[in-house]
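Read through the structures below before going on.
Same chain, two partners: chain A is paired with chain B first, then with chain C.
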Partner chain A sequence: MNGFLIVNGLSGLLIVSSLLVTLAGNPANSARFYALQSFILVMLFVALAGATGSGELYLWSFTALLTKVILVPAIMYRAFRRLSDPTIGSGAVMPTALSIVGAAVALILCFVVASKVTLPAADAIKPALAVSLALFFIGLACIVAQRNILKQVFGYCLMENGSHLTLALLAPNAPELVEIGIATDAIFAVVVMAALGSRIFDTLHTLDARQLTSLKG
Partner chain B sequence: MTAMVPSILPPLLLIGPLAVALFLLTLPWFRDSLPEAFATDKGSVTLLERIHLGSVGYVFLLSVAALIQVLSSGAISAFGDWLFVDALGAVFMMLIGVVGLMTGLYSIAYIRHDLESGAIDAGKVRIYYGFFSLFLFTMLLAVTANNIIMMWAAIEATTLGSAFLVGLYGQKSSLEAAWKYVIICTVGVAFGLYGTVLVFSNAADVLADPHQAVLWTALVGHAAELDPMLVKLAFVFALIGFGTKAGIFPMHAWLPDAHSEAPSPVSGLLSGVLLKCALLIVIRFYVITVGTVGTGFPQMLLLTLGLLSVGVSSLLFFVQQDLKRKLAYSSIENVGLIVVALGVGGPLGIAAALLHAINHSVTKALFFCSAGNVLMKYGTRDLRAVKGVLRVAPATGLLMMGCALALAGFPPFNIFVSEFMVFMAGLNEGYGWIMALCALFLCITIAGLVKIVADSVLGKSPETMAKGDVGWKALAPLGVLAVLVLTLGFAVPQPLSTLVQQATAVVMNGDSRPVVAAPWQTYDRQTYDTARAGGQLVTGSLSQTEISK
Partner chain C sequence: MLTFSHLILGLFQALLLLAAAPLVSGLSRMVRAKLHTRHGPGLLQDYRDIAKLLTRQDLTPPNSGFAFRLMPAVMLTTVLVIAMGIPMLTRFTPVAPIGDLITVIYLFALARFFFSLSGIDSGSSFSGIGGSRELTMGVLVEPVMLLSLFVAALLAGSTNLGAIGSAIADGHVRSATATVIAALSFAYAIYIELGKLPYDMAEAEQELQEGPLTEYSGPSLALIKWAMALKQTVVVAWFVGVFLPFGSAPEMTFFGLLFGLVAFAIKLVLIFAAVGVVENSVARVRFRLTPQHSWVGVGAASLAFVFYLVGL
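Our next item is the complex of A and B:
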C-alpha cells in the first residue's frame, strides 16, 4: 500500500505546481514550472509502476521524461522567451486568491465524482484520480481566464497532463504505443500553437486575446 | 463480430498523401540536390501543382478501390486491425476521396489567382499544397482508425494539419481565425481524449487482453460488460470533444471564423469533409454507448444538441451578411440536422443521417467553391456588395442559384431526398414536435437562401464590374460537383444505397436494411416488403415489372 500512498501524495504536488504554472508572471516562467510539474508526474508514474508492477509504466515514465520534462518545456521556453507584451501583465482575468479558491472547489467536486467510480483498479488511488480530473479542469480554467495567448497554451498542457494521469491510473498496463501516440500529438500541438502565437506577435504586436476580436457575428 | 479481411489498401491509401505532404513541406531542406525545376519558387509552381494533382487523384482512386473491396468482401483491415475500413468508415472515406479531388482540382485555379493578385507569394503555394495533402492524410487516418486512441490523435492532427491553411493569408483576421480554431479545437478534442481514456481504461479492466481494449471493433463486441456510469461520462466527454470539431452548438465558436478566413477550397473541405469525419467519431462512440446503456441516454443528448444547433444557426444564418460566414452557419445547421437524425435513431434515422452527411458534403463543397468564384470576381464576401452574379459571371451565378435551391431543400436536388428521409424517420419514431421545430427553423434558412438568390445572384450588377466568368479550370470541378448534386437528387444510385444500408447495419450493430431512396423511386418486391415490415412509411411504389410479376 505504501506505493499508492506515495502516488496520492505526489498528486497533491501536481495541484500546487499547476497553480504555479497558471499564476506565473510570464510565459517563460510558466515553462519552467511546467517542466517541474511534468517531473512530478514522471516520479508519480515511477511510483505507480512500482506499486502495480507494470513494466509498461516504467517505459512511459521514460518517454514522459523525454517529452514532457525536457522537449516540450524547451520548445516553449525558446519560443516564448523573446515574446513579451508588457501591456497585459500576468494576463490573469481573475485575482490570484480567487484562482486558488477556484482550484480548491474544483478539487472537491472532482473528489465527489471520483468517489463514485466503481472500477476495482481505482480503489487505492481515488485521491490521485480526483487530482487528475481536477488538473484537467484547472487547465481549462487557465485557458478561459487568461488573456495572454501564450499562457493559454499551458492550459492545454495541463489538460493533457490530467488525461495522461487518468490513463496511467486506470490502465497501467496500456500498450506503450498508446502513450507514445498521445505524447507525440501533444508535442505537435505545442509546436503548432507556439508557431502560430509567434506569428500573431510578429504581425499584430500583441499577445492579448482581447485584441483578437475582429471576427464577430 | 465478423472477421475482417486483411488488405493492403488502407495503408496504401494513407501513405500517398503523407509522402507528398512530407516531401512538399520539407522541400527547402534539400532543394539544392533536386533538378532545376525545383530550384526557384516561381518556376516550381507548375511542378507543385502536378504533385498536388497526383496526390488528390491517388487518394480518389485508392478510396474507390477500397470501397469496391468493402462492398464485395466486407470490412477490410491492416496492421493487426489497427487500421480498418468498414461500410461506415467507407462512407466518409469516399467523401474525402470525392470532395478532396474536386476541391483539389479547384485549388489550382484559385491559388493561381491568389498568387497573381499578390494575396500570397510563391513560397505559400508550396505550404498550401503540402498542408492540403497533410490535411487529407489526417482525415483519412481518422476514418480508417480502429484504435480509439489513434482516432483521437488523428482528429487532433486534423486541427494541426489545417491550422496553417486557415491562417494562410497571414492577415490579422486570418491569424485570429487560425488561433481560435487551434485553441478551441485542441481544448475541445482534449475532452475527446478524456472520453477515449475513460472508455479504454474501463475496457482494459474488463477485457483479458489490454491490447484488444484499444480496438473499436473489440469494444463494440464487449460493450455490454463496460461500467454504465463511466461509459455515460465518456460519451458526454466524447460528444463535447469531437462535437467541437463537428461544429455542434454550443461548441461551434471556431467554425464561422475558420470557414470564412480559409481559402475557399479549404472552406469546402472543412465544411464538406472535416465536420463529417468528426461526426464519424461521435457515431463510433455512440455505438459503444448504445451497447452499454441503451439508446435512451445518448439519443436524448443528441436530440437536444442537434435541435439547438439547427435553431441557433438558422437565426444566425439569416442575419449574416458575409457570404462565407453565412455558409458556415448553414453547415452548423446541417450538422445539427444530421445529429437530430442520429438522435431519432432507428434504421431509417441512422440511414437518413448518413445520406444527409453525404449530400450536404457535396452541396456545401460546391457552394463554398462558387463563393470562391465570387470572391475572385468581386474581391469581397460582403453580400451587400455582391450583386448580379448571374450577369457578371453567368456560370457561377447558375451554380450559386442551384446550390441555394439545393440547400433550401427543393427537389430535384439531393438535399431534399435526405431531408425528406430525416423527417420521415422523425415522424415514424414519434418525434413530431421536434420535427415541427426543425421544419420551422428550416423555413428561416430558406428565406435566407432566397434572399441570396434574389439580391446577389440576380439583382443589378455594379456598372464598373467587368463581365466574364472565371476560367474553365475553376468551373470544371464545380460542374462535376453540380452533376453529383443533381444526380443524387433524382435517385439514390444502387451502390450508394447499398453502402448506406451496410453502414447503417454497422451503427445498429446488427442487420437492418432501411430503404435508402428518393420518395419517387420505385422499388423491387424485396425492398418494398422490407420497407413495410420495418414500419417505414413507403412513399415509393412497386416498379411496373414487379407489379406484372
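Our next item is the complex of A and C:
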C-alpha cells in the first residue's frame, strides 16, 4: 500500500512539472523542465515496479531514462536554443494564473472520470490515473493555447507522457516491445517537429503560429 | 486547555519578539548594505532610531481625528496579541483562542484597516492614497493566505495553528505534495506581506506605500516603526510555526523551550537572510502588475486544494 502512496505523490509532482513546462519563459527552459518531468516519470515507474512486483517496469524505466530524460530533451534543447523570436514573448494566450486554475479544474474532472473506473488493478492508483489523464489534457491545452510553435511541441510531449503513464498504470506487465514502440515513436516525432520548427524559422523568421498563414519555400 | 503557564509563555514570546523586532529589521538593513557593498548602519541602528524618536515632540495635523491618534497603539497591540497566539517555541499555541488561523488573519486585517484609516484621517490627500494602496495590497494578498492555510487546515483536520504545525511536523498530513504547494503559496503571500521589493519598500516613507506615515512624528512614529518591524517578524514566525515547526518543543519543559528558542532564532535569521538576498536582487515591479502575480499565488493555492481533494 505504501508503494502506491509514493506513486500517487510522485504523480502530483508530474502536474507541477507539466505546468512548469507550459509556463516556462522560453523553449530551452521548457526542455529543462521536460527532462525534470520525465525524470519524475521514471521514478514513478520504479516505484510502481516496486509496488506491483513487475519486472518489465524496471526495464521500461531504464529505456524511458535513456530516451525521455536524456535523448529527447537534449535534441530539443540543442535544436531550440538558437531559435528565438523576441516579439512573441512567452507566447501564452491565457494569463498564468488562469492556466494554473485550468490545470486544477482539469485534474478534478479527470478524477471524476477516473473514479468511475472499476478495474481491480486501478483501485489503489486512481489519483495517479486521474493525473495521467489530466497530463494528456494539459498537453492538449498547451498546443491550443500557445502561439509559439516550439512550445506546441512540448504539448505533444506532455500528451505522450500522459498516455505512457496510463499504460504503465493499467498494464504494468505489458511486454518491453510496447515500450520500445512508444519511445521510438516519441523520438522520431520530436526530431521531425524540431526539424520542421527550424525550417519554418529559417524561412519565415517567426515562431508565431498566427503568422504561419502563407505557403513559402 | 489554557493554563496560567501557557499565558505566561504567550506573554513571554510576545515580549521577546517585541524586544527582538528592531534587531531583525536592523539585520535586514545590514544585509542590504552588505549586498550594496556600502558600510551601512550597525545592527542596533533601529533601536537608536526608536529611542531618538521617543524623545521628540508628537505633532498631529489640525484636521486629524481620533483614528489618527489611536492607530499607533492599536497596531502595536494587535500585532502583540497575534504574537501571543502563534506557536513559536512550542508545537502548540500558547494561547489557544488566539492561535486560530481565521482569528490571526482577521487580526492582521484589523491592523491593516487602522493603518489605512489613519492615512485617510490625517487629512492629507497623499496619505489617503497611500492608505487605499495598502488596502488594495490586502485584498490581493489575503485570498492567497486564506486559501493556502485552509488547505493546510483541511490536511491537518484543525484550524488551530499549533495543530496544523504538529500534524506537519509528525508527518500526519494526508498529502505531502499538497502540503508543499500550500506552503510555497503561503510563503509567497508572506513575502508580499513583508513589504519588501519587488512589491514594496518598507523603509520608503516618502513613497506612496508608506503614505499613512507621512503625518506622524515623535513617539507615534516610533511606535509605528516598532509595530511594523514586529509585524514583519510575527508574519515570518507565523510561517515558521505552521509549515516549518521542526525543532520546536512538543512539551513545555525548560530545556525543550530553550532548544525551541534556539531553533526559532536560527530559522528566523536564515529566512530573513534569504529574504534580504531576494529583495536586493530584483527590481521593483509596477503596481499594476502586482495583481497578476498574486493571482498566480491564488492559482497555486487552488492547485494545492485540488491535490487535497484528489488525494495525491
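Rule of thumb we're sticking to: the second predicted complex is superposed on the first by the 214 of 217 C-alpha atoms of A that agree within 3 Å, B and C clash if a C-alpha of one lies under 4 Å from a C-alpha of the other, contacts with A are read in each partner's own complex, and residues count from 1 in each chain.
Here is the rule we use: a contact is a pair of C-beta atoms (placed from the backbone, for glycine too) under 8 Å apart; a residue touches a chain by one contact, two chains touch by 3 or more.
Nothing here was measured: the structure is a model prediction, and the numbers come from that model.
Partners chain B and chain C, once the complexes are superposed on chain A, both fit on it without clashing. By the document's definition of touching, neither partner reaches A:I75: not chain B, not chain C. Once the two complexes are laid over each other on the shared chain, residue contacts for A:V93 go to neither chain B nor chain C.
After overlaying the two complexes on the shared chain, residue contacts for A:F188 are found with chain B alone; chain C is out of touch.
With both complexes placed on chain A, chain A has more residues touched by B than by the other of chain B and chain C.
When the two structures are aligned on the shared chain, A:F136 is found in touch with chain B, with no touch to chain C. For the three-chain arrangement built by superposition, the Cα-centre angle with chain A at its corner and chain B and chain C at its ends equals 150°, in steps of 10.
Of the two partner chains placed by superposition, only chain B is touched by A:Y156; chain C is not.
By the touch criterion defined above, A:L167 reaches chain B but does not reach chain C. After superposing the two complexes on chain A, the shortest C-alpha to C-alpha distance between chain B and chain C comes to 21 Å. No residue of chain A touches both chain B in one complex and chain C in the other.
Those residues of chain C that touch chain A in the complex are listed here as 175-178, 181, 292, 295-296, 298-300, 302-303, 305-307, 309-312. Interface residues of chain A facing chain C in the complex, by the touch rule stated above, are 8-9, 11-13, 15-16, 19, 95-101, 103-105, 107-108, 111, 127, 130-131.
Considering their complex, residues 116-121, 136, 139-140, 143, 149, 152, 155-156, 159-160, 162-163, 166-167, 169-171, 173-175, 178, 181-182, 184-185, 188-189, 192-193, 196-197, 199-200, 203-204, 212-215, 217 of chain A touch chain B.
On chain B, the positions that touch chain A within their shared complex are 147, 149-150, 153, 156-157, 160, 163-164, 167, 170-173, 175-180, 182-183, 186-187, 190, 193-194, 197-198, 200-202, 204-205, 210-211, 213-214, 227, 229-230, 256-257, 260-261, 316, 319-320, 322, 325.
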